[in-house]
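Pasting the structures in now, so scroll down.
Presented sequentially are two complexes of chain A, the first with chain B as partner and the second with chain C.
Right after this comes the complex of A and B.
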């Protein structure tokens, strides 16, 4: 008994059509074009193109990036099961095409902010494997030196990693506000899930973004479930791309990295001229909500398996690359082996590195504190210097 | 309130005597400024000084501010810098914090701090904690300001004091000005501070004039956050207060002086960090401590001061238990007599001083 969502996924998967063109008769082509699924539009006369082109180099880059994130998340899951990672750990496996596709259409000065399912975004926004994995294991080579953990990783123009559902959305509108105030031509991508889509503060953010023409791309990563609650049980309207009302919207197949890339290109261009836009990217997560959720009490194993077989973003992209002669299976295999090796090396560091020394507990609470500032510890005898 | 009513009621020679006992920074005679105007000056000077500073809140622009604190600023700085928001506290507070993360210096006005409760998750979880969670990568240079605590006749939902709530949280700084100098110097310091600062003003104080020294009239006048001020020196009992209740303490101190009891009145100016050193030194001098605040008694500012003095070297200098004067432990009523008796008045302080000193 498949849920409405899963049934739709299956139909879409069956309807997936793509064509590839050989540019020459040699073993590999330098570029290829494909057709994407049509995009659903809300208050837009035109949308992104359904014809997408990719060069060989870019294709291999996107493949490597998605595979890296998949491998990194698999390792994170294993580390969690071995109790080397503690607390919360929300895996991005299955959703890789979104962060890779979007990053492909923005630049380093554009900003991104997301919620807690953030490891993939953290990596794609330039934090190294060690920076992510060692942050998860709480060690000092983590990108927040182990002080933030899974949900609080940051980098230049990447504002986390946020733990409170929906809170990142007004923050994202604010980042867009700052980008406009400072007269840049950069945008902010502000992501949230289908669960957060019902939060009141999102609508407050949409209102101000539209009122003030902020260069903000709101993105709903719709993976079908808010923790254990499916779409039809949480939302009176599941047309998330239309929930912005007066904010135009577009729905894209979030499992197709090239469609996501093209959609983002279209939206960035739109937003710099017309103010905010909302993307709903249909995607899926293979894991449960977090590592404490097996993910099987509210959906069937068959459903998960079906997505893996018919819609996996990485294996589908691999099929495209190979059938379009952009690369040989051997080249792909080589990338797989390299990725595994890189992640394994980073994992070693993440496991063996040290934690911050104890005095760091009391540091970096305030920026530029008074030189004599002291912080109280757990009993009256502990007053620590704080920098 | 205390400053202006005493001056009107008392003849000049007596005023000259009193003036010697009221701690006022020396300066041009007659440079008076209301707290409202002092705040307005602070805002104007800081907006002029740094392009990244902007003011955002309900009615701050075209209406000139619900309490006229931002009067004239829209004309001087334009729509880009002075921004009217919709009535969506959680949204605009989050937006301002995002702007701060991305390098601007927002000043968020809450029409009253009661409405900040709608946005408190953003203030605490997005502003206060981010610098620490990011191990120093993401500072949040932002000020949250507005009237706090009781006004007059606005009843329970519009009269709460949030001093204890915000001062509880590491990562925030909290200031609570009393006089016009306090207001100007602390707000300027808050805007220049690279951390999230909560500035708790008081509506009743907005209209009160205070003397302003030459120094205080200057464009670079800042008061260090975390340092208290001795408003009146005394040797028999220490009264520690913040905001409007400094005035209540000064009123009580006047009356008690007539009976031979000299009160030392400490104006906290900041709630976090708290100036423990000044409090402890004063207690070691007077051996008696009373805290005075408008907030509720349980888990309040006075509770914190009482605990930290008990844990400090000043404990051995106490000749009496530390006593607290606070708002009554009730939601604020509307009826006039009930409201007046829900908040500390001079007689409450005087009664408590007598209890502490064990005098009739």
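Right after this comes the complex of A and C.
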């Protein structure tokens, strides 16, 4: 047993992973603790704990969820390149630990609103694989019946993908306002990227959120590049967690699902008591900003490969849980196979499902419209009934 | 590399054969692989690589080169091959992990439609050499296939295609028919990828290239030439000798060349050019020049021409003008642009106040400007502006020519060489032809005639040009 322990430690040492852990006296543990990277704090006396405990079941769930999102995004990329998905498409590959870790610390009554890199969040907020993939292919089993596409996916307490850069942030503050106004114990997670972080409307939202102490966690998913510009070229301060000024902030390793989970738990407690907080989750995106960006003109392939090797949220987590005896390589392999199968089956549906009939075109614009409510088409002479 | 393709090819044929003998299984296998094609996803550990659309408008592309070989391990983020889209060469990378088992479309393949199967990936540890190639995939090259295996190769795809793609359209364009004829290929052998199952040209080309089918030699009976029997026995196809080098040389476009091209095109396209010529007898001016040279005053014929043009412009000011914003502007000063050849092209330094300068002053000004022009050291104001241009090719023996107006100027005078003619008195006398190109929006025929007449009379009576200092100081006239 000791020798196994020593070997594990050695493997970890040579892989340079920063962690320590204790294991139970079983070949497969039911629980393990991990050390996270230190957090950086802004106007906080105390931050989240750097020691995170996770159960075997939870660890396998997180692994499966991250792998599912990765595989789903891979398929989405392939479908796009086969012209089966058209229009906008922004992939989440590389950033999976953020949505999985955050979802693990909130409940379904907490609200989430994000920008247009929304597929992973849509899935984690309860939309099925078919719901996401069929939405991408524009089919009726999509979560918005194929009417929305990549940028416009919604679910209960998930206020979507939003197509306008940064516009979801004031909306998120508004959702938090509603949650407070209705005297719930719920919070709103409002996400944006490092590109949107320079928008004026964010600072207006910070101001109102702080003024009224709204239960809002502003999350900057910092993947290093805004469209085609590195953050050093676009931002006077790249310490995004500190840019709320009077809003406290914390920086977390967005490639570590457990750190994100612990950080979110801490922040949820914090905002319910003290009003808004800002999380900067340092992450990386493997694909281009969108499908029209090969993602190699402003960064080197070597840089991307290095992140894949050293910081990948999935393979790093896999190594950790195997080393900690939370799971065996065979169990992990089994999950990988199941994930592939599930995604393939969902892909099949997304490709073969029917499109919504044309009569549905004008429906579901407003909730519960008047019985004879009519909307105008692009041609002002065309009026159509809308239900 | 080639041998491995061959091996895989053989293995595939063996697979096919064994399936063909088990007739009941064939249907099942075919339908399964058809399904696999539709999903383009993993089936029994095989992932299909399809030709990707790497630009929003890409319909087809060329595979420039594969970065991975068959049997290579691939990791997420690896570049598989470079693909030329309709816009640029873009790397195709993958999110898959495994072994690149088969490359179905080789390097330098042209016009591959989006969605065409280009390769297969298997899981690590799988037997990548025996991967099954889907029935309607474009087969890779194996030279022997045509002869001994042709019977099985031709019957197999037929039976398969009848089950997999039942609606193969018979429609094809005349160019496709011609191609099929040229290579002796039957339409049924070639995979149809066009709309509604039509056979398109690129199908045939891809098929022919992949199978290395040679072009059919048609019997062309040579026209009967009785005398040269040795020639008529040869095939009549005559080919141009192949050039080792590029058949042309690119001259890099300098910014000066660009400006010249732009301005001349603009001028010739937008300025209504008219032309008028006049012959001038230049015996007197030649004599005067000789006398001055003897006195040590080195002036050229060109200097006299500049002076004469300056004086003529003073008397016919309508030609001393520019056309700007739809109207003519008569210049107050006579500034003459003189075309000077440099290595990069023509440039026109300006002799300012040409009418009031003495000939020797003009001479030294032109020498100085031309020297700096050839060194490329003219300043902007020294060659931009001017109210009239002179282009002189007399020194090259050009008899006469026409020049393109230098906008916004409204006229340019092209000067030919002086040549000996029989004069009115029967004696040989030198004569020079000048041709005026003028902008008919500003200058009409009468103005042009007046100017040319004036110029001729001045150049024929050169004493009008040297009145003041030169004549007084040196005691002429």
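Details
Here is the rule we use: the second predicted complex is superposed on the first by the 352 of 387 C-alpha atoms of A that agree within 3 Å, B and C clash if a C-alpha of one lies under 4 Å from a C-alpha of the other, contacts with A are read in each partner's own complex, and residues count from 1 in each chain.
Rule of thumb we're sticking to: a residue touches a chain if its C-beta (ideal position, glycine included) is under 8 Å from a C-beta of that chain, and two chains touch if they have at least 3 such contacts.
It should be emphasised that the depicted structure is a prediction, and the values quoted were computed from it without experimental measurement.
Looking at the superposition, the partner that touches the larger set of chain A residues, chain B or chain C, turns out to be B. Touch criterion met: A:93 reaches chain C, while chain B stays clear of it. Once the two complexes are overlaid on the shared chain, A:64 sits clear of chain B and of chain C alike.
Once the two complexes are laid over each other on the shared chain, residue contacts for A:40 go to neither chain B nor chain C. Applying the stated contact rule after C-alpha superposition, one finds that A:310 touches neither chain B nor chain C.
Contacts of A:82 after superposition: chain C is touched, whereas chain B is not reached. Within the complex, the chain A residues that touch chain C are 70, 73-75, 77-78, 80-83, 93, 286, 292, 294, 296, 301, 304-305, 308, 340, 344, 347-348, 351. For chain B in complex with chain A, the touching residues are 54, 80, 85-86, 88, 90-104, 121-122, 125-126, 131-139, 141, 170-171, 173, 194-195, 226, 273, 311. On the chain A side of its complex with chain B, the touching residues are 111, 113, 143-145, 147-148, 152, 154-155, 159-160, 162-164, 167, 169-179, 181-182, 200-201, 203-205, 207-208, 211, 363-368, 370, 373, 375, 380. Within the complex formed with chain A, the residues of chain C that make contact are 38-42, 50, 52-56, 75-77, 79, 90-91, 95-96, 114-115.
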